[in-house]
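One chain, chain A, links the two complexes that follow: it is found with chain B in the first and with chain C in the second.
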Partner chain A sequence: MIRIKYISLFIFVFIGIFADFIANDKPLICKNKEGYTFPVFSDKYRVNQDNKCEIILNPIIHYSNNSIDKLNAGSISPFGEQNLAEKQQRHYLGTDLLGRDVLAGLIHGTTIALKIGFSSMFLALILGLMMSLYPSYFGDFEFKAKLSSLLITIILLFFTVYFLYYKTAIISILTTGGYNFIFIPALFLGIIIALWFTLSKINIFTRQILIPLDSMFSTVIKLFQSLPGTFVVLILISLFTKPSIYNIIIVIAILKWPIIARYVRAEMLKIKQERFIEATKALGYSNNYIIWKHALPHVLNSTIVALAFGFAGTILLESTLSFLGIGIPADHVSWGSLLSEARHDFTAWWLAIFPGMAIFITILTFNSIGNHIRSKIN
Partner chain B sequence: MIFRFLKNILLIFPVIFLLAILVFFLSELAPGDKVVAHLELNGESLNEDEELQKQDYIEVAKSLNLDLPPFYFSIHPIAYPNTIYKLKTEPAGELKKALFVKYLSIDKVNRLFDYLNDFNANLRNSKDTILDKNYIKELLHISLNLKNSSNPEEFNDNYKIFYNKFSTPERELPSKIVSKFKKIDISFNKLKSNKVTTLSIFPKITFYGSNNRFHKWFGKILLFDFGNSIIDGQKASTKILKSLKWTLLYILIAYILTFGIAIPLGIYTAANSNKKISTTLNTLFVAFHSLPLFWLATLSVILFTTSGLFHIFPSIGIGKIDSDMSTLRQFIIATPHLLLPSIIIAIHSGAYLGTLIRRNMQVEMKKKYFLALLARGIPKKQVILKHIFPNSLLPLITLLVVSFPASLAGSVITEVIFNIPGMGRLLYDSILNYDWNIVFAIVLIIGFVTYLSYMIGDFLYSYFNPQIKYTKTND
Partner chain C sequence: MDIGSVVYLKKVFVKNSKENIIEVINLEVELENSSREKILKKICFDIKNKSITALVGKSGSGKSLTALSILGLIKYIDGLNVRGSISFEGIEKNILEMDDKELKDYRGNIASMIFQDPFTSFDPSKSCGEQIIEVLEFNRVSATENAENFILNLFTELGIERRLFFYYPYMLSGGQLQKISILATLVSNPRLIVADEPTTNLDAISKKEVLDFLLKVKNKYGISILYISHDLEAVRYISDEIVLLEAGKIKGSYKKNVFFEQPNVQNEKLVSKRESQSDKSIIKSGNERKLLEVKNLTKTFLSRGKKIFSQNKLFRVLDKVSFEVMRGDVFGIIGESGSGKSTIARSILDLIPKDSGSVIFMGKSLDFAKANNYFYNDVQVVFQNPLSSLNPSLNVKSLLVEAIVANKRVNNSIESVNSKLKWLLSVVDLSKDVLSKKSRQLSGGEGQRVSIARALAVSPRLIVLDESISSLDKKMQYKILQLLLKLKNELNLTYIFITHDLEISRYFCNRILILQKGRVVEQGSVESVFVRPKHEYTKRLLNSILVSDS
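What follows is the complex of A and B.
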């Protein structure tokens, strides 16, 4: 049983990476006067126009996700009669209304699922670590900062947001006045540094203040977790004027990081009690060193569980969005967008069954991998 | 505990305020021109005459409070004038703002646009003169193109064409137009060579007082006035209330079914954990919860409705309903149609709830009191139903309360597939049609309901479990 999960994970990743070589309307290898060419890699190759080249090797499935087979348009069943030139060109899983091959769509949908799942989980991991690694290590009663550094941090944060918001205006102001684009930022930095130095010399501002980092950040995590997921994603994505994969990745990452942050936090609270951390502290290593060299590897080990569950959730969320038609742009294909075509034609069961199966199997795979790793770690 | 509850109730006000601020700024980010949407709703086709068109635009913008500052205060570079927000009321506001951001003088931008408008008006009026009509049309097209550019770069490119056309005209132009053109050229060059002190990048805070857009919008929100829909002009609150009743109805049915499925099965699997049936049930639970809800729903529509293979349930939608029927009668007609979506939701969430009940009960059954009760000779059935089950419900209380807003929000998928005119469907349609008033009203409502239900869950949890004392612990 354990093996099946990892085999299906391997198949998923393999198909995702090599989708172009498995399902494509261009041949893999061609032979012409100059020698062997590889049309898969070139965008200029046109089907049925390049008669000069002799096809040596075709991909297994002769269709790409966007290639339209006009002869078999109008939702042809996989068992139905198909109008084919060659036997190999059969649509094994049927076609949709426009005549696109369902199997090719499934294979190219794997790429999208892999891309979105992997990048949004990576982003979420980074965000989650940022929001939980230091807070959970220091807890509520250990992190102290000088009032002066705190003030300077707040000022710098304010200016960062301010400069980012007004960036075009600020750039045009700086470029109108000769060499001022060097002088003014230098002046600004100078003021900040001078402020820092003077503040750190004044008695009131050198006081150490206890900052309850952990409760501050875990409140933020709880707040984000209480957001109703599908709903927030719908609203956020609709605020972008152009649909694109990157928007979805960012929005899903924003929604999924609390899961990882919670795992990291729970793990860090456990590890903090361990003897080896105490020992490194006694040896006089700095907190930074302990966090990055000793705590982080342990934390990451068990974060894999959260990543696996998160991956499943990401794929579900992405396909839900594409199903509703607000997800990926129209020229891409995803399992969800394939499934949504079943809504227009209820008799075409193959449009509903196969993409749904793909989503279901992938989610089940990642969930059971997560369960497996969790049971191994404990 | 009472104090904690009171504190939470008092916290509602700042929560509403913060939520409103968040939603307000999200709505500022929303794409699309509100004024144009409003004009289209009223059926006022854009006037032919440019002057009248401009007047219409300004009038609507003023009625939407767009001539007011957005918030109580604003932070902007010193180079910005305090009245920069007023650009929103003008038809070419976006271009003007972009030009201002590039060249940093609002007066010079305004002057340039005044000259341009004057120039266009002159060109139009010179139709009666010796000049050829088509030639004037061509000239007018070029100068209007200039005004309709979308960004400063395009404006610059268009200006080059404009300049070439008018500085060396193919035919002789009236002296009036030539002098107006020279004015435009001079003012544009002045704008381009505009210099500002570099120190004006530093921020400045301007206070606008309570006469601002957020203040007025928030005042309306407190009176449940969320503005009008841009599709049919109905009030957002009535539209939402109308749709909310369907959502609540089928969520109620779904909740009843969920408990009906999950509680008996959860108890059964926990009590007979070594039987083969319960292991199969457990796998079924996991499988059904892993099934994507939208797939389950689509398949059920394909298989079980009128259009499907097995005709068991009535068609999707809510049946034939007239708006003048009483609500009860509407519900009676719609209930059979809402049965299938409710069953689908019940299967999906019941699987999860069943697993939770089983897990919680197994945790309780490992405790010593279970063994002690059995040792006294009380039948196992009675022990499980009377002692284990009630004790295992405690962790579920919060979950149930918290799941309510989630099911409200999650209703989008079910309602879109089953074609129920509920709140999720309304949200989906409004998003697709850029009907932002309704979208943000729903956001506010869901946010508020989420906060309320978390509060109630918190209260119930501490009420049923007095052991819990709210101290600082690491959970």
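What follows is the complex of A and C.
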């Protein structure tokens, strides 16, 4: 049983990476006068045009995700009669309303799932680590900062938010002409450095202040976790003018990082009690060194579980969004968008069953891998 | 008052009672799987009537299985083949062949058991008294109306405070709760109590109290006790007969006096007087200059309220602790668990912020000493458990190299690091193949040697030994102490030795400080404290050293 999930993970990753070579309407290798060419890599190659080359090797599936087979349009069943030029060009899993091959869609959907899954979880991991690694290590009672640096940080934060909110402000500064695009930021920087120096000379501002880092950041985490997920996604997506995969990745990462952050925090609270952390501190090493060299490997070890479960959740969320039609752009295909085709024709069972099974098997795989890792760690 | 008279169910005592209450004949336990490994190999021994028999052996020698078979509980463990016979005086049947109902009667009224950790054997949601009454009802012993009075009488009779009857288990200390669990076994009027390591988790004072309590129970009611332990001191104090178990075989059963006169037992004892005398003379030649001075050290922790709406309270762990450590000292800090010993260690190293007071190292206050970056090269610490104080994901070599590189006084080239690594290994008597191991693969002694090597890597002047040898067995403790003494003389080290073990501190330290609930109770040279203790608590602590009367 253990083997099955890792085999299916391997198949998933393999198909995701090599989708273009498995299902494509361009041949893999051609031969013409100049020698061998590889049309898979070129955008210029057009199907159905009279190409002068001789096809040596075709991909297994002769269709790409958006290649339309007009002869077989209108949801042809996998077992139904198909109008085919060659026997190999059969639509093994049927076609949709426009005549697109379902199997090719599934294979290219794997790429999208892989892309979105990995990159959004990676982004979520980085966000989660940023929000919880240092705060949970220092806790509420150990992080002290000078009042002056605290003030400067607050001012900088304020300006960052201000300029981000009024994008136009930055643009107007940079485009007023002359050397303003150097002069104004330099002035700004100068003011801040001057402020820093003056503040650090005044006695009142050199006082050390205890900052309850952990409480502050865990409040933020709780806040994000209590937001209603789907609602936030709808709002965030409506903010973007153009649909793209990267938007989806960012939105999912924003939704998923609190889970990672909580895992990291819980693990760090445990690790920092360990004696070997104290022993390293007693050797005179800095907190930075201890966090990166000694604590982070342990923290990441158990965060892998959260990543595996998060991966499954990500794929599900992306499918949901694509099903609703607000996910990926129209020229891409994902399992969710394939599934939404089934809404047009209820009798076309192959449009619902196959993408559904793909989603189901992938999520099952990642959940059981997560379970397996968890039982290994504990 | 004899409990037998109050309690109904008087057993039919056989009048001409034989000498032995339990006779174990050819007890054999083997695993039922294909390996057929024998855990107990034809064990034969007796438990004498009205006496305390100690079953001594290392962990894994089959002590607990023997205990379980005597109580007939071994039947319920899966995957074991049991052969042999155990006969109880006055009962015809072999205990191993009894059916469930007979066993229930046997365990309820004739034999009972005390476990190692009393906190797990009590239900935390009921008061102690209720649970004892439950035992009484379960054994159909007496009417419930009188039950409370009866048990309260038993409390007074055995010298336990009556108010403990109404307390919940978490409110009591380990020692008190263990006494109550002994008392709970008494209400069913047993003739044999099997005590499975009852004092292992307790500190010195409550250990003595529990052992005294067991002796009292034995003398008062004539109950036989099978005392299972690996603690020779306790065995020497309490037992009449000793059965030695090694790897599933009986190595012999002895009278107490005979057992402790054997040469190999003597070796395991830590303090043989001649040695301690000679070693002390070396320690004594301490230079009279101050190395470390702690003044009015105070530390409070925030303890969360246990109930939902109760407020957090400040809990004072250290209360104005002051002491001085001279160059070349071995300064002992002694206290029970929870007395703030480790907090002192961590405050000295500035691993936790202190509330008030000052630590002065080599004439400089701690903040100042830390500023020049050499502080952590001068002061080092060795913690109790090597498993937790060495990072489990790194191997020994990278741990030691990390420590060597931390030394800021010297330039670290690759050659110098390698030669230092070799020197460290030779100094703590470790072979080279340790380097590639991870902390999990090390034995306790090896792990502690690696910890010591890591502390030595930065060539410190002062090493804080925070219960460094407590988790080791006696033989290894002795070896590590010898190593520490050798290192101290070779490298001119000063030790702060934090422990709860009085005997070791008497052997190892030249000045000691006794700590109770965060306050310094007494401090001075070892002789003055051990011979003429002034404070009440010190006297109690010293009394808890188990010196057998014979």
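The working rule: the second predicted complex is superposed on the first by the 350 of 378 C-alpha atoms of A that agree within 3 Å, B and C clash if a C-alpha of one lies under 4 Å from a C-alpha of the other, contacts with A are read in each partner's own complex, and residues count from 1 in each chain.
Rule of thumb we're sticking to: a contact is a pair of C-beta atoms (placed from the backbone, for glycine too) under 8 Å apart; a residue touches a chain by one contact, two chains touch by 3 or more.
Since the structure is predicted, the reported quantities are computational estimates derived from the model, not experimental observations.
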Discussion item. For A:234 in the superposed arrangement: first (chain B), second (chain C), both or neither?
Written reply: first
Item to complete: Would you sort A:285 into first (chain B), second (chain C), both or neither based on which partner it touches?
Response: second
Discussion item. Which partner chains sit in contact with A:142 here, chain B, chain C, both or neither? Use first/second/both/neither.
Written reply: second
Worksheet item: First (chain B), second (chain C), both or neither: which does A:276 touch?
Response: second
Discussion item. Between chain C and chain B, which one touches more residues of chain A when both complexes sit on the common chain A?
Written reply: B
Discussion item. So in the superposed three-chain picture, is A:65 touching just chain B, just chain C, both, or none of them (first/second/both/neither)?
Written reply: neither
Response to the item:
Listed in rising order, chain C residues that touch chain A in their complex are 346, 349, 351, 353, 373, 375-377, 379-381, 383-385, 388-393, 402-403, 406, 408, 451, 454, 458
Discussion item. For a test of understanding, state which residues of chain A touch chain C in their complex under the given definition.
Written reply: 141-142, 274-276, 278-285, 294, 297-298
Worksheet item: Inside the complex, what are the residues of chain B that reach chain A?
Response: 26, 29-31, 75-77, 79-80, 101-104, 194-201, 203, 286-287, 290-292, 294-295, 298-299, 301-302, 307-308, 402, 405-406, 408-410, 412-413, 416-417, 427-428, 431-432, 439, 443, 446, 450, 454, 472, 474
Practice prompt. Please give the residue numbers of chain A that touch chain B in the complex, ascending.
Written response: 139-140, 162, 166, 168-170, 172-174, 176-177, 180-181, 183-184, 214-215, 226-231, 234-235, 238-241, 269, 312, 316, 319-320, 323-326, 336, 339, 342-343, 346-347, 349, 352-353, 356, 359-360, 363-364, 367
